Every structure is written in C-alpha cells, then in structure tokens.
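Below are structures written as structure tokens.
Common to both upcoming complexes is chain A, partnered first by chain B, then by chain C.
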Partner chain A sequence: MFSFTKEQEVFDISGIKIGGQPGLYPTVLVGGIFFKGKPDFDKAEKDLKKMLEISKKTGNPAIPDFFIRNEEDIEHIVNFILEKVPKDHPFSIDIIEPSIKITTLGYLHKKNLLSRTIFNSIHIGITDEEREALKKHTPEMVIIVAFNPKDKSPDGKIEVLENGAHLIDIGLLELARKLGIKKILVDTAALAPGENSGASIAAIPVIKEEYGLPTGCAIHNVVEKSKWLHDIESARETVDAASNINIPLFGGDYAIFGPIENSNLVFPIIAWQDILISEYTENYFGISPIDSHPRRKLQ
Partner chain B sequence: MKNEYYPWGGEFTVCSPNGNVAVVLLTVEYVPPKTVAIYGPLKTENIGIEKIVANLISNPNIRFLVVCGNDIRGHRSGSSIIALHKNGIDENHKIIDAPGAIPYIENLKEEAIERFRAQIKIIDLIGVKEKRELDKVINDHTMKVIPAFGKPYIAIRIKAQSKVTLDDKRALHSKIVLNYMGKVEKRGK
Partner chain C sequence: MVQKIKTCVIGSYPVKIDTNEIMKKYFGKSEFLWNKYIAQAVHDMITAGIDIVSDGQTRDPFIQIFTRKLKGCRIRNRTEVVEKIEYDGPITLEDQKYVRSLIPKEKELKGVLTGPYTLANSCIDLFYKDEKQLAFDFAYALKKEAQVLQDHVDMISIDEPFFSNSMPDYGKELIGIITRGISCTTILHACGDVSKIIPQLSEMPVDILSHEFKASPHLLEAFKEHTFSQKICLGSVRSDDIRVEPVREIADHIKKAVDIFGDKIVQVSPDCGQRLLPRDIASQKLINLVKAGETING
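What follows is the complex of A and B.
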C-alpha cells in the first residue's frame, strides 16, 4: 500500500473522479458490454442496471464499456447509450477498427455525447485519420494503452508514453495533448502469461510516480489467457474477479474488469480491497477517503 | 502448451509431427484433418504472429501454412502474417504493408523471419470457412511430396535490454523506491 511523492492528478467525468493518492477515491470499475452477432439490448439493459445497483451499494463508480465491432451497430449502440445509460453518467467505447472509431466519434458528437465519452483507446497503431477525427471530435477522456511490443517491461511502457519508442513519431502522452485531450488515463497493457504479464501491475506505481496520471489496466485478460485454468472450471470466475485486486493494491485507480456480467463478484472484492487500503493510507499518510468510498459506506 | 517441436508454446493443437501443413484459424469454426502438423488460432498481429513464425520454423517438415476464416476485426492478423511473408519488416520492425493496428515483430531476429519466408508457402484462404473446401485444399497439399527444409531453426526470443541490478531491495523498479511505510519516491532523489 503506497502513497506517491509526485502530485497525483484527479480527473472528473460526469461526476466520477478517477486518480489521486491511493485511498482517496474508490477504485473505478469498467465493465464490458460485448455483443455477439445482433446486439441483445434487453440483456445489456439488465446487465447495466445490475452493475449500477451494486456500484451504488459499494460506492465504487461503474463505467459501462461498449464494444463496437461492426459499422452497422454504431447507431444502435449509441442510441442505446443515449436512452439507457443514466443521463450524465459516463461510458467508454472500446473499438479496434480505426474506421469504426472515426464514425463513432462523429456520431457521438452529433448526439452531444462526447462530454461523457471515454475513448478506449489510443495506442501506437493510431492512424492519421484517427488523429484528425480525435482533433475534430475530441472526447472528454481517453485511455492510452502503453503497449510496447519491443519491451514489455515498465521501462518499455514508459518509453511509448514518453517518446513513442521509435514505433510512432511522437510519445503517446504528447500526442494526446496535441490532439486537445486533457484527461488521460494510462492503461499499462496486460499481456498473456509468458509475455511478462506481471509488468502491467509493476508498471502502475512507476507510471503514477513518473506522471501522476490515473493508471489501471485489464489484468483479468491475463486470467482469460491462462489456459491451465480452463481445466479448473470451478475456480475460473473467482480467479478472474480476484485478479483485479492487484490494481488498487499497487496504487492503481481503475480496473477494466471484463464482462459486465461479473459485476456482482468484482465490485464487492474491490470494495473490500479499497477498505483495506484506505485503513492503512489514512493511518499512515493521512489520506481520508471521500464520503462515497466503500470504507465510509460499508460498515 | 509447449512441445519439443514448438518451443515458443501457444494455443495450438499438435497432430502429425511429419505433416507438411500448418493451419492458422482466424474467425472460423473448423477442425482440420489429423494429417496436418499443427493448427491453432491467431489473434494478434504482433505477439501472435511471432509465436506462429517461431513455432513453424522449428519444425522443418512444415512447408505450407493455410490461413483460413474471416480475418480478425481491427487486428487483421491473417492479412498481416501474409504481408510479413510477402514483404518482411522495415527498419522499425513494422511488417511492410500490413493492415493490422500494431503489426510489429520485435522478438524475432530478421534471420528467423527470412527462414519463415523461405521455408513456408502461404495458402491464403482468408474468407473461406467451408469445411469441405478447406479439407480439400489441406488434403491436396498434405499429399505433396516435398522435402523437409533442413534442420530445425530454434528462434531465440530477443530480450529487452531493460534488466537492472538493484542495489537495494526496497524498490519495485529501478525508477522508484519505497520507504518502510510505503511512500513511493523517485530513485536518486
């Protein structure tokens, strides 16, 4: 359990605060809404409701992360966000294909949603067209993935943030700022077992001390890629949810915890962890948690 | 899993060690015939391709790589491995003309990539998902009598040069130190 010497940034998006010294704000939890084939919006609505309920109970802010994989789904998913995500609640969009990213940004602008949007994500593969689109339709907050295929250690991650590691013409932090993005979350790029998977956790305090930016990752992806666990079916869900405690324990601010269906397991685990951390950080570092922190809410 | 023929491990199924065909499954539900040497999925256009290349060249019996199914959205890993075979990499280790988002080969030496390009012929079946059609192409190539490509090539994973020897045990990393109560500070301050 840590406290950082470097001043820590806290970013607000629609009332949700991300960042700061460990123990101050609850860990923000980002739950993925995936659609296979034709989007099942009834199920998405129920899952979203459940996540928001458990979030209210523990105090850990919840952010739905919408996966958009097909051009023809953009309008429907954005309309779902407009109608079903509570007004003024933030959300993130998780898109791989650059052309879909660009179209979605335009559509979010048209629907006046950019002030609630977390763009997931900018990485070294960003195209020129994507840069232009982000400049034109700038989302409120952006996740920068510090993936460096050359060097998966914390140093390699810092290198892509700092100077692009010769993989891109500019450091990703400078690039984001040049595009007009002010609120940056760093994702330490969790990789599969065998690919220095632990570095994504070790990098959290290093990046927070270096830049003071809110930092987290999708550590549960490492569990998904641990093939040996497939043979121990009864433990998979628990290990997947529990993996997220590494993030707040190492000073991180948010966890992209995987399918939204896992909310009821992940939120209590993280709330428990946040309480543990807060007890120490308040005692030794004088960091008093905010009123909505699990330590204040759950007695 | 790991296997003596395929030292880099990965998510694959080993069939016939003397088979001359390997199969990359993109977005497709298909189980190739047991006569192939190895088959498995390909997800990412960087680490995923590296593993496939390393595992193919370690078995000189493999001479054909069938790439089938719909390409992976965004990653375009199937098209990227084909681009690697066709064009190689540039001075920044980027696969030349690869359409994937982050198509970098950072953990293999150029020699290993050249070996892959020389040893393997790619059968581009991107977009093909029909079992009958895939079985036919695979069986046709399996029947071809083609000699092994010399000795196994065991690709050495290039290690990042960021290892440090820490002069004390309080630190999590060379850049930061932690005092006994958990306060993080930049090293050397």
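What follows is the complex of A and C.
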C-alpha cells in the first residue's frame, strides 16, 4: 500500500472527486453502457439505476461510460444522457472514431453538457480535426490513454505522456494542456496476457509518483483476453470483477470496470478493497478517508 | 574490369506512421505489426533501384532504436542512462531478417548501428558521470549486436555524426571494439563537415568511409590531401534539402569524385539518413541517384 511523495492532484467533476493519496477518496468506478450492438435504452436506464443505487450504498462514485460507435446513435445517446443521467452527475463518452468524437463534442456543447463530460480518450491517434474540436468544445475532464506501441512497460507509458514516443509531435500531457484541458486522468493502457499485461498495473504508482495525476485503467480487459478462462465459464464474471482490486491496491484512483451490468459485483468488491487500504493508510500514513468513503459508510 | 559503383542508402527512410490505425488495433484488441512500415521503406528503395538497402530505421529515431533495448537506458524526454550499459539481446536482428525476406537475391543489405560516441553524447548520463567510460560500454554492447548481425547482413555501418563535432582521442579505439573480428564489410558514416578530422578518419579500422560530400563538396579536395586505405561511400544527394537534384548534377558530382579517387569510390548514397525528408522527395532522390549511377557505370 502506497503513499506518494509527489503531491497528488484531486480533480472534481460535478461533485465527484478523483485522485489524491490512497485511502483518501473512494475508488471511482466507470461502467460501460452500449458496448455491443444497437443501443437498448430501456435496459440502459435500468442498469444505470442499479449502478447508482449500489454506488450510493458503498460510497464509490459511479460514472456511466457511454460507448458511441455510430454517427446515427449520437443524438439518441446524448438525449438519453440529458434525460436519464441525474442532473449534475458526470458521465464519460467512450468513442474510437475521430469523426464521431468531433460530432459528439458539438452535440454536448449544444446541450450544455460539456461541464459534466469526461472525454474518453486522447491518445497517439488524435487527428488535427479532433484537436480543433477539443479546443472549440473543451470537455471538463479527459482520459489520456498512455499506450505506447514501442514500449509497453511503465517507462514506455511515461515516454508517450512526455514526448509522444516520436509517434506524434508532442507529449500527450502537453497536448492536452495546450488544448485547454486542465483535468487529466491517465489510463495506463491495459494489454493482453503475453504483452506485458502486468505493466498497466505496475505503471499506476510510477505515473502517480511522477506526475501526481489521477490514474487508473480498464484492467478487466486483460481478463477478457485470457483465453484459458473461456473454459471455466462459471468463474469468468467473478475474475473479471475481481481484477479491478489491483487498481486501488496499487494506488490507482479509478477503474473502468467493464459492462455496467457487473456493477452489483464490482462495487462491493472495490468497497471492500477500499476499506482494507484505508485502514492501513490511516494507521500508517495518517490519511483519513472522507465521510462518503466505504470505510465510513459500511460497518 | 572496372568494378561497378553501387547505390545505397545510409539508414533511415521516411514513412508515415498511421497512429490512428495503431489505436484502433489497440481498442479492437488485435495485434499491430510494425513490419508494414519496414516494407514500405524497403519497397521505395527497391523500386528506385538501390543496390544496397537498409531496414529504413522506421521504428524510432536513430538514438532510441538502440537505447530502447540496451540495459541501463531509460527513455524519458531524452534517453537517460541510469545503470551500467549492457547488451540485453538482439536489437535490429529481426528487422534485418525481415528485410532479407523482402529483397531480391542480387540486392545487398546494410545493417546500421548508431555509434557509441554519438549514443554517449545524445543521452543524459545519470550514472557514469564519465563520457569516455559510457562510450566504451556502449561500444562493448554494440559489438555484440554487430556479432549477431554479421551473418545476416552484407555490411555493417556505424553511424557517428558526433565525430564531426568533436572527435575524441579514443575514437579509433571505440570503432575498433565494434569492428574487430567482424567478418562482413564495415563502414563508418560521419555526416557534417569532417574536413578537420580526416587524419583520424584515415586511421579508422573500417573498410569504407561514408561522408556527406554533396552538402560539403570541399571534402573532395580535403580528402585529396590525405592518404587513406579505406574505400569511399560518396554522399551524392542532400538529405537536408527538399530540392531533388537532377540526374546530370548527381552524375557530374560522382564523376568528379571518381576522377580524383578512382576505384576508391565504391558506393554512392544520400549524404545522410533521409528520415526528415517528405517520402516522395526521398524516393525521387533515390531514383535520380540510381539513374546517375547507371550513367557512371555505363
């Protein structure tokens, strides 16, 4: 369990705080919606409600992460956010295609939602048009994916944050700041087994100590890529949810934990882990958890 | 019979890396292979008709290609040396094997090592606090890479641009560490104005000296003043200028050098790596270099 010598940034988005020394704030949990197929809004509404309920119970803040894969879904998904996500609650948009990112930013601006938006994500694939769109419609918070195809170790992740690993013209941190983004979350870019999968976890304390920025990742993706687990179907969901404990254990601040449907399993696991960490960090480092921390809420 | 002058590249070649595609593969959880960029560089060299090709050094700038895989280095904004420099296994071997699989049998392959003095001067030394010792440890590590490469390439070039800034009194020793016992042809490439260090270059234990004779044409006269046993790789098109030299201009330049040095001129090349040129310009320069070479060879 860690306490960092580097001063730790804490960023607030619509009242949810992310970052800081381990044990201070509860781990923020980011659950994916509309990952596969055509968006099912009725199901999404129910899943969202369940996630917010369990979040309220454990104290771990919940952030819905909306996958947008098609241009024609943008308006519907943004309208869903507007109508179904509680007012003033943050959310993230998880988009791969640059053109869809650009159109979505425009929509979010139009609907006055940018102050609640976590943009997922900036990475080495950013286009010039995307840079312009981010300058024009700047979201409140951004996730930077520190994926470096040249070096998958923690050093490689630092390199891409520092100088873009000579794959783009600028380091990703400087790029985000130049775009006017002040609140940056670092995603340590989880990789498949056999590709230095442990590095995304090892990189969490390295990056927090280097930059003091809130850091996390989608470690459950490694479980998804563990082919041997496909033969032990009964254990997959549990392993997927349990993989997330690595993030707070290594000092991380948030977990992109996979499908929102897993909320009822993931939140208690992480709350349990947060309590464990908090007991030690308060005793050893004197870090007292905030009132909404699972250690304060759950007896 | 007069030996044919061969056309070659120095090392690096510009290709556009599609970072968006890399990230789509990452998010799609599928494997991304760098080989397509090596293939693009080699394709341009072969299409131009170049006799001696390289892997294009597409993976990284020429410092990081080596420091990324040598023990003791850590890449931050620049490379930092944080421990003793040691060889940690082949660095460019797989790429050379891949290039060999791509090129016709009559083409030759050049392996390129960034020189120990240049590496030592390009890194931030947080460990040795002694440039000479750092350079020597780089040399010992590069020696192992040369030993690994020699059976897979036709020649090994050591790229030492820092020699033109300041030639250390141990420069010959450094190069000797790498070339001693190496069975294939060895080349020392030093770009920049090397006119002041020709005596030291003439003592270098390599088979071929490679310099930027096009950007620094006075080097022809300067070398004329000295005796040296090595052959010459003649820089014949500029690597720092987007103007594409006409074939006639290149041919005249080569002819002038042949008139002075005769059969010492065994290779003609760009002045330096072409990494910083636009790809179409780099390609056209190689095409014109080959045509000029054909004019000279007859």
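Going forward, the second predicted complex is superposed on the first by the 295 of 299 C-alpha atoms of A that agree within 3 Å, B and C clash if a C-alpha of one lies under 4 Å from a C-alpha of the other, contacts with A are read in each partner's own complex, and residues count from 1 in each chain.
Keep this in mind: a contact is a pair of C-beta atoms (placed from the backbone, for glycine too) under 8 Å apart; a residue touches a chain by one contact, two chains touch by 3 or more.
Treat the numbers as computed from the prediction; the structure is a model and nothing was measured.
With chain A as the common reference, the superposed partners chain B and chain C clash. Residue contacts after overlaying the shared chain place A:152 against chain B, while chain C stays out of touching range.
Chain A has more of its residues touched by B than by the other of chain B and chain C. When the two structures are aligned on the shared chain, A:32 is found in touch with neither chain B nor chain C.
By the touch criterion defined above, A:124 reaches both chain B and chain C.
Contact with neither chain B nor chain C is seen for A:212 once the two complexes are overlaid on the shared chain. Looking at the shared chain after the overlay, A:2 reaches chain B, while chain C stays out of its contact range.
Looking at the shared chain after the overlay, A:69 reaches chain B, while chain C stays out of its contact range. Once the two complexes are laid over each other on the shared chain, residue contacts for A:166 go to chain B and to chain C alike.
Within the superposed three-chain model, A:289 lies out of touch with both chain B and chain C [touch as defined at top].
Touch criterion met: A:280 reaches chain B, while chain C stays clear of it.
Only one of the stretches 23-31, 41-49, 59-67 or 167-175 belonging to chain B overlaps chain C in the superposed arrangement, and that stretch is 41-49.
When both complexes are aligned on chain A by C-alpha atoms, chain A residues 96, 98, 123-125, 147, 149-151, 155-156, 158, 166-167, 192 touch chain B in the first and chain C in the second.
Those residues of chain A that touch chain B in the complex are listed here as 1-6, 69, 95-98, 123-125, 147, 149-156, 158, 166-167, 191-192, 194-195, 202, 205-206, 208-210, 227, 251, 280, 284-285. Across the interface of their complex, chain A is touched by residues 17, 19-24, 26-27, 29, 32, 34, 59-61, 64, 68, 74-77 of chain C. Considering their complex, residues 96, 98, 123-127, 145, 147, 149-151, 155-156, 158-159, 162-163, 166-168, 171, 189, 192, 221, 224-225 of chain A touch chain C. Contact residues on chain B toward chain A in their complex (touch as defined above): 1, 9, 11, 46-47, 73-75, 92-94, 100-107, 160-162, 172-176, 178, 181-186, 189.
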